[in-house]
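Below you'll find the structures, each written out as structure tokens.
Same chain, two partners: chain A is paired with chain B first, then with chain C.
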Partner chain A sequence: MLVVNGPVDDAGHEESGHPERPDRLSAALAGVADLHLGDDLVEVEVRSATRAQLARVHETSYLDELGAFCYEGGGDIDQDTYATFDSWRIAQSAAGAGLAVIDELRRRGDGVGFVAARPPGHHATRDRAMGFCLLNNVAVAAAELTASGERVLIVDWDVHHGNGTQSIFWNDPHVLYVSTHQWPLFPGSGGAREIGGFDALGRTINIPLPAGATGDVIERAYEEIAAPVVADFSPTWTLVSAGFDAHREDPMADLALSSGDFAALARSVARTPASPGRLALFLEGGYDLAALRESVTATLAATLGVERHDEERTSGGPGADEVQRCASERAIALRIAHESLQ
Partner chain B sequence: MSKSDADQWARRPYPSELSCDVVTESGVFLHLRPIRPDDAQLLVRFHSGLSSDSIYRRYFSIHPELSEAEVRHLTQVDYVDRFAFVVEDGSDLVGVGRFDRIPDTTEAEVAFIVADRFQHQGIGLLLLDHLADEAWSLGITTFTAETQADNRSMMGVFEASGFPVKARMEDEVITATFEIRPTDESRASRARRKNRIQVSGRRRGDRA
Partner chain C sequence: MTPLQTIAVGFDGSPSSEIAVRWAFATASHLEARVVLVHAVGLLEHQSRLDVPEEFTAAVATIAEELDFEDDRISWLVDNGDSCSVLLRCIDEPVSADLLVVGSRGQGVHAGLMLGSTSLQLAERSTIPLVIVPSGRPAS
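Showing the complex of A and B:
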């Protein structure tokens, strides 16, 4: 059973020539349609996230500024990030889409969620829009869950580091944030030594990878660095910041994954939650439309256990050394942090 | 309510020259004119036909019925510091827009409300255009409006007007402020809209 949000009217969030464009959402939804799930596809109505829900992860002053900026007609927020008159409404809907999917999963106690909405969210910090992101959709959903006592694992396999999500939960022991990303690359954060604040030491895992890294490298990194911490953390929910810009065809970055690699990652993530009905994937980046569509299909099929012939998995790229270095740097950072606490 | 009552409130004669006929994109003929004291019954009927959502957006509260005092206040304007236009479909009101000057300033609060079935047809913009023209000629330079943060329709009207809107959001209330001096952009915006809602070249006043 796949639970997807109903339409988010995102047409008004567009800037001429900008890669974060409405076609992306159409491609992702085409990827869902390609699964031909029939009655196993459930669509839930989207309501806008409320101010209280957004305020769990964003400063209210930021929400006010963003809303006012949009209602003044919008414009460029920074070199990468734009907002239009309609962006405030659309971003609220995108955040609400995640909440609607989570609600439905909770009601059913079964199924996998996919949040097909834009703009993406994982770069948005408590008080700043950046990296095409206005409101942090996955963080809004995670905060809704932790507010009712859940322990939330966020896996972020977008090619960029999710600096916003990391910073929002930096000191929150109820959220484990795991990111694989190309480095160096925008936004520049996500080093192995970034391990979480003093109240949540080790609850942030960063695995920076060099350009050209292939699926086998990422998978090994998850197994060796993340899996033991995840097992110890024992999440009750798993949310995925599912960007598909680590695909080798993506124009924005230089990792070398195939859609088959995303499927493999999805299979290992799908094994994580303590019980069914507690896994939701949120669309983040992914700018090659064909790769995005195919990757969405492969990923969701893997989480649902649907058999299909995926693109071949990739291997042999660089990064094995970096993963080893990452493990030791992380261990050192943890030791130093613990010593400084004593 | 007779005309003479109206005159007690008015600080200038009823400006009938501001009336005009309009036709919406869907081909409905409407009439726009300044409000009159004897619109009280029409206004009460108009208000009772609004959805609770529309009322909430206009008044920030559940406000199913207007009191007598409110009706008097809304229909008896002085046409100088307090002004309102109504839009009629035959004998029904389908929209009301008004401004109230903030005493001793060149600023006025603006508000409008359109019947649910006539929303998204350019009537809000029509009202805003006419209110802005009249306010500007009366020495008002700036409009302000308060609305809920999710009232995209009203903010959309301001945005589409071509006036340079400054917005401030606080606790889910958005305050929009804009100078109503005609600008190239506001003129261009009006020119574009001629296709959507046509104002007949002849104003009622011309016939008198």
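Showing the complex of A and C:
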């Protein structure tokens, strides 16, 4: 069973010529429709995230400033990120969409969640909008879960490092953050030696990959570096920052994944939760509409166990050496950090 | 007190950043410091190689010539990220900047906006001195 949020009226969050646009959400929803799930598709009503829910991960001064900026008509926040008059309302709905999907999964104790909302969130920090992101949707959901005692794994396979999510949970031992991303690339963070703060050493895993890396490299990296830590962490929930801009057709980056690779990654991640109904995927990036649509279908089908003919998985790209180096740099960073604590 | 050796100045091609570069060159001349020009490559600017845009080198060369500032004391750092993060990285090695310099508003950013202001964010986060060079133009 797939639990998806109901419509988020995102039409007002748009800037002419900007790649983060409403068509992306339409493509993602078309990808859901392509699954033809019938009664196995559950749509939940979206409520805006409350100020208290947002304030778990964002400074209230930032929330006030962003709200006021939008109310005054919006504009460019930085060289990448814009907001309009409607953006504050839409961003609150996007954050609320994640909470609504989580609530429904908890109520049912079954199913897989997909949060089809925008603007994306994983670059938004506690006090800054950046990288097309205003509010950190996956972080809002994770914080809601940890507030009730859950241990949350966040897997971020967007092609860009989720600097916002990492920084929000940097020192939180209840969240394990795992990111595979192209490097070097925006936002420039996400090195292997970034392993978490002193209260959460090892709870951040970064696997930077070179341009051209293929699906076999990412899967190997996940299995060799992340999977043992995930098993040890034993999460009670798994949230995925599911960006699809690592697809080889995407214009914003240079990884070389196919939709079949996303399906394989999703199968790996879907094995993680201790019990059903504790996996939700959040739409992040993905700017080639056809690739986005196909990747959403393949990914969700994989998590639901729906049989389909996926695009062929990719292999043979660069990155094996980088994965080895990443493992050793991470080990060194952990050793140094532990020694400095003694 | 250690003499000021390295000035890192943000440059995005905007008139405001050109004014900041002028200030940095003039100051570096007096102090015999070197100047690192810093350009942050944003998400929209995605490029597989981190090259200095030709129009940037040309604009800076013109300013250097006007101020008689030697080429061999100029270097570039082009890195991925938002302007604030990339400038903050200059505090550490290999740049090891002693002073950060920025214009009062950058390219394409809403005039007078606090939310995305690189200079205000730097003022809050920088651990070394920061100079914000006024653009001399009223906010529109």
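Here is the rule we use: the second predicted complex is superposed on the first by the 342 of 342 C-alpha atoms of A that agree within 3 Å, B and C clash if a C-alpha of one lies under 4 Å from a C-alpha of the other, contacts with A are read in each partner's own complex, and residues count from 1 in each chain.
Everything below uses one rule, namely that a contact is a pair of C-beta atoms (placed from the backbone, for glycine too) under 8 Å apart; a residue touches a chain by one contact, two chains touch by 3 or more.
Bear in mind the structure is a predicted one, so any value in this text is a computation, not a measurement.
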{"item": "When chain B and chain C are modelled together on chain A, clash or fit", "value": "fit"}
{"item": "Chain C versus chain B, contacts on chain A by residue", "value": "C"}
{"item": "Which superposed partner A:G197 touches (first chain B, second chain C, both, neither)", "value": "neither"}
{"item": "Partner chain in contact with A:P19 - chain B first, chain C second, else both or neither", "value": "second"}
{"item": "Which of chain B and chain C A:D254 touches, first, second, both or neither", "value": "second"}
{"item": "Touching partner for A:R51 - first (chain B), second (chain C), both, neither", "value": "first"}
{"item": "Contacts of A:H160 with chain B and chain C, given as first, second, both or neither", "value": "second"}
{"item": "Once both complexes are placed on the shared chain, angle at chain A toward chain B and chain C, C-alpha, multiple of 10 degrees", "value": "80"}
{"item": "Touched partner set for A:R89, first chain B, second chain C, both or neither", "value": "first"}
{"item": "Partner chain(s) touched by A:L63 [first = chain B, second = chain C, both, neither]", "value": "first"}
{"item": "Touching partner for A:Q79 - first (chain B), second (chain C), both, neither", "value": "second"}
{"item": "Where chain B and chain C come nearest after superposition, their Cα distance in Å", "value": "11"}
{"item": "Common ground on chain A, meaning residues reached by chain C in one complex and by chain B in the other", "value": "65, 69"}
{"item": "Complex contact set, residues of chain B against chain A", "value": "149-150, 152, 155-156, 158-159, 165-172, 174, 176"}
{"item": "Touching residues (chain side chain A, partner chain B) in the complex", "value": "48, 51, 60, 63-65, 67-69, 71-73, 85-86, 88-89, 92"}
{"item": "Chain A-facing residues of chain C, complex", "value": "12, 40-46, 48, 50, 79-83, 85-86, 89, 106-110, 113-116, 118, 121"}
{"item": "For the chain A and chain C complex, residues of the former touching the latter", "value": "18-19, 65-66, 69, 75-81, 123, 128-132, 160, 163, 184-189, 211, 251-254"}
